[in-house]
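Read through the structures below before going on.
The following pair of complexes shares a single chain, subunit A, combined with subunit B in the former and subunit C in the latter.
Moving on to the complex of A and B:
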């Protein structure tokens, strides 16, 4: 159920787009839905981030993963235990750009019912990196559809991406990597018993969605050879707010577009918000200098305490007997 | 309740297979030896905790207070607004599973609900149901579920099978910290009066008497005097520390566990000897006689209430700065919370070692320095005369406490001290130390006796790593900087790795410290005859 439901949800989206094109609802699927999805994405994410930001950070709680700053003769680990904003920027850059924490991953195993052993386990890191970076590059490549003329850096990007020079049109490695990485993340979810056990429908849905997006993209580029001029006409129309529906763009394009729209619209309501959330994670984005500089809690309030005077009231005689100094004789 | 009698060889037969039913459809089974007894009503009344009532975890009916569900939901709402950590951590988990096998309780029990991700999902599912649109509409498909009595019991059971050690947070790609979520989950159970005896008791004691163990002022003094007698027997030197003395330069605060039982008292003897040898102008306090903070395991407010005594006493006595003893969660609190709660301590001065002149700039605002920082600085400046050979009977390894590791980052200072006071030091495997250190298995108020199975299971990963160096190098002493470790690792060593003792670092310092005017040492601080000194008396 956790797997089938999201699977059929994606299939339903595909069929919906096919039916939509057949019913000549091109304007709805080519213009209205993409605009709406983008709108939901942008404002949904802003809403999310603002809502998180509205909750204060009452305490300075970085997770310290390296040596603290103490003496000049002990080497501080500035990236894992940052004592300045610059260090934090370094730590966050490592986290966001290289998935530092995931790179640490180790696998713990009980062997012979007597020994716990730990070994390096970088597969998840590798899958994650491959997925995110190929997705990013694929996304950047799409800028070609929204800019006329295409910016120069795109040609460089494409030169690298298409270095394999296989066939015509040139094979972009990232499309394949993206599909492979998503497939890996999916298979991992199914085959690793622990991960399967914790997985929700909400974990499979984006995987299926992205899998289909990549697949339809690849089909369009290499197999069905969608009318790229028509597509660009439509996308340029969208970006210049003067939408047009060109003739001759096949249903496969509208399937691709609806799935992408679904991903954008789904984004702010799902776990995909980790894209923004990681920047707000207090265990990573704070300076670990709470003894050096006082961190202020905006909702700090006075509390009832048991004062020394009350304490002495309770124990004065015993303290005097034990020759412990008291305030009141 | 039957006594816990499982043998180590049986307990380590851990089944990592998941139940056939999904976790939401697998009801919680509250198992004997895995949970702690409830707190006594009187203790909770002392500190004014809400909804105090009679209940037992193993009973069907927990006598939950009227409107308990609203209390929990309002509690969640309030905390979402107060803690960005909680709010973000409720939303961004992708269930990648990187944290799963990082938890000592998961490794020791094989229970999937002890995977940090699932422990969090227990509460996240409630959050989704009542606070997110998708959860409200899609329900179970979106990973949301109703808050029922059984769900509450499940949260209670598993949130008291987490020691807030933060190991999962090291590996999480978003830094999601289960400790943060557990703290809030525990606050919610506390709102319903579902507090543990091992937390409620120490909290009440600490509030009224100044320390968790409930040692009254005269008892603190007499306990220390007994240590002084032992020190005199061993060194021939009589030490005269002061209590509640106004005008001292330094206030010394340590966990009360150091004043009460073995092997903690040996650590305290080490402090006393070191301070005497330095001629340090310091005082103990009977009012601020607790460095640790079990309030931290019940609620943020309670933790602040207990912690307030340290600055209040420093002010009353007119000291210049505060020196803190060896304790784990105490240092999480002192390093990351104290100044925020009860500061600014502008009546104090930036800590400065009167012996070396070193200014502890890293404690410039909080004005409190760790004994290991203080001691490492002394050794670096050559201010201590040390005879390492007096620890030659010990083959030492070092256990990083969760909190000084992941809530502070004090890795090198204690190691530097050990290397200067011991000849035989061996590190445990790299994936089990420093920021990847394993919890003792009994932190956060879980060091009771009725939950011994849980403790031994949770202590397995640490013990297993000790066993490795015990077998490889003959390690027989597990050094650490934590009072809870000293109490609980002793039990888990006896169970999993017999033949390994547990010691605070200051005990090892005390052994090696050559004091002026001392007689020839023939015994260590435990009174055990030093090798080669048999018959020297």
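Moving on to the complex of A and C:
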């Protein structure tokens, strides 16, 4: 159920786009839905980030796994235990660009039915980084549909991406890697019992969606050969706010477009929002300086206190009569 | 809101990336490319037909050129039989470019528009044209 529901949801999206094109609703699927999806994506992301920013961080909770700043003759681990903003920037950069904390992933296993052993497990890191970087490059390559003339970086990316010169149009390695990585991330959820147990529909849906997006993209480029000039006319119309619906662009393009729109619109309300969330995780972005500076809980309200001096002031006479020593005569 | 300055910088950077295609196109006009077919050789043709039908050529020309290259260079086959049974010499410069002698007005129109850089001319000699 957790797998079948998201699977059929994606299939339903595909069929919806096919039906929409057959019913001649090109303007709805080519213009209205993409605009709406982008609007939801941008404002949804801003909404999520502002909502996070409004939540106070009550405690100083950076996760550390290295020597804290101490005496000058004890070497500090600046990346694992940052003591200044600069260290935090270094730590965050490595986290965002290389998924450093995932690289430390370990796996526990029972050996000989009694010994629990732990070992390094890099497969998730490898699948994750292959997926994220190939998706990024695929996304950046799409600029050729949104800029005229295309920026110079596109040709550098494509030269590296297609340098194997397999077939015509040249095979882009990232397309294959993206599909393989997403398949790996999916199979991992199916085959590892512990991961399967904790996987929800919300985990499978983006995987199926991205799988379908990559598959339709590859089909359009290498097999069905969509009319690229027509597609660019449509996309350029979108980004210059003068939408046009060119003739001769096949249903497969509208399927791709609807799936991408679904991904964009779904993004801010799903686990995918970790794109923004990674920057706002207190365990990563806080400075571990709790011994230098007191971290004041922002939601502390002023507490009414009655000090001993005030107490003595109130009861001095009675205390003296009872021969209780007082601090001030 | 906490850390307002940093949050604002983050949101601005996000918007700069997300809205790049929109502000990048302000003030730029992009017209649909119209590849030109009026070369002297095409004008003189009795039947204005390419090697294969137009729709096929539009979608599959790159695949065909690739097959032609493999046929000519690797297998030594120099004749192509099209879907109507007509014979053509397998040659980019002597067959294709004979009619489409206007590379700048024909090939480059769509290729530039779609940001495609075919590597035909890393081996073949580019036809010399007067700069228009």
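Methods note: the second predicted complex is superposed on the first by the 301 of 329 C-alpha atoms of A that agree within 3 Å, B and C clash if a C-alpha of one lies under 4 Å from a C-alpha of the other, contacts with A are read in each partner's own complex, and residues count from 1 in each chain.
Heads up, the rule we're going with is that a residue touches a chain if its C-beta (ideal position, glycine included) is under 8 Å from a C-beta of that chain, and two chains touch if they have at least 3 such contacts.
Since this is a predicted model, take the numbers as computed values, not measurements.
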Which superposed partner A:155 touches (first subunit B, second subunit C, both, neither): second
Which of subunit B and subunit C A:8 touches, first, second, both or neither: neither
Partner chain(s) touched by A:47 [first = subunit B, second = subunit C, both, neither]: neither
Partner chain(s) touched by A:57 [first = subunit B, second = subunit C, both, neither]: both
Which superposed partner A:229 touches (first subunit B, second subunit C, both, neither): second
Subunit A residues touched - subunit C or subunit B, whichever exceeds: B
Which superposed partner A:27 touches (first subunit B, second subunit C, both, neither): neither
Subunit B versus subunit C as contact partner of A:282, first or second or both or neither: first
Interface residues of subunit A shared between complexes with subunit B and subunit C: 53-57
Complex contacts: residues of subunit B adjacent to subunit A: 12-14, 16-18, 22-23, 48, 80-89, 91-98, 100-102, 107, 112, 115, 117-118, 121, 132-134, 141-143, 166, 169-177, 180, 207-210, 216-218, 221-222, 243-246, 286-287, 301, 304-305, 308-309, 312-313, 316, 334-337, 339-341, 343-344, 358, 360-366, 368, 373, 376-377, 380, 405-413, 416, 429, 431-432, 435-436, 460-461, 464-465, 468
Subunit C-facing residues of subunit A, complex: 38, 41-42, 45-46, 49-50, 53-57, 143-144, 146-150, 154-155, 158, 165, 167-169, 225, 227-229, 232-233, 236, 239-241, 246, 276, 279, 298
Of all residues in subunit A, those that touch subunit B in their complex: 2, 5, 48, 51-61, 63-71, 73-75, 77, 80-81, 83, 95, 99, 101-102, 104-110, 113-116, 118, 124, 128, 192-203, 269-271, 273-274, 277-278, 280-284, 288-297, 299-300, 303-308, 311-312, 314-315, 318-319, 321-322, 324-325
Subunit C - residues contacting subunit A, complex: 1-4, 7, 10-11, 14-15, 18-22, 24-25, 28, 30, 32-33, 58-60, 62-63, 65-66, 110, 112-117, 119
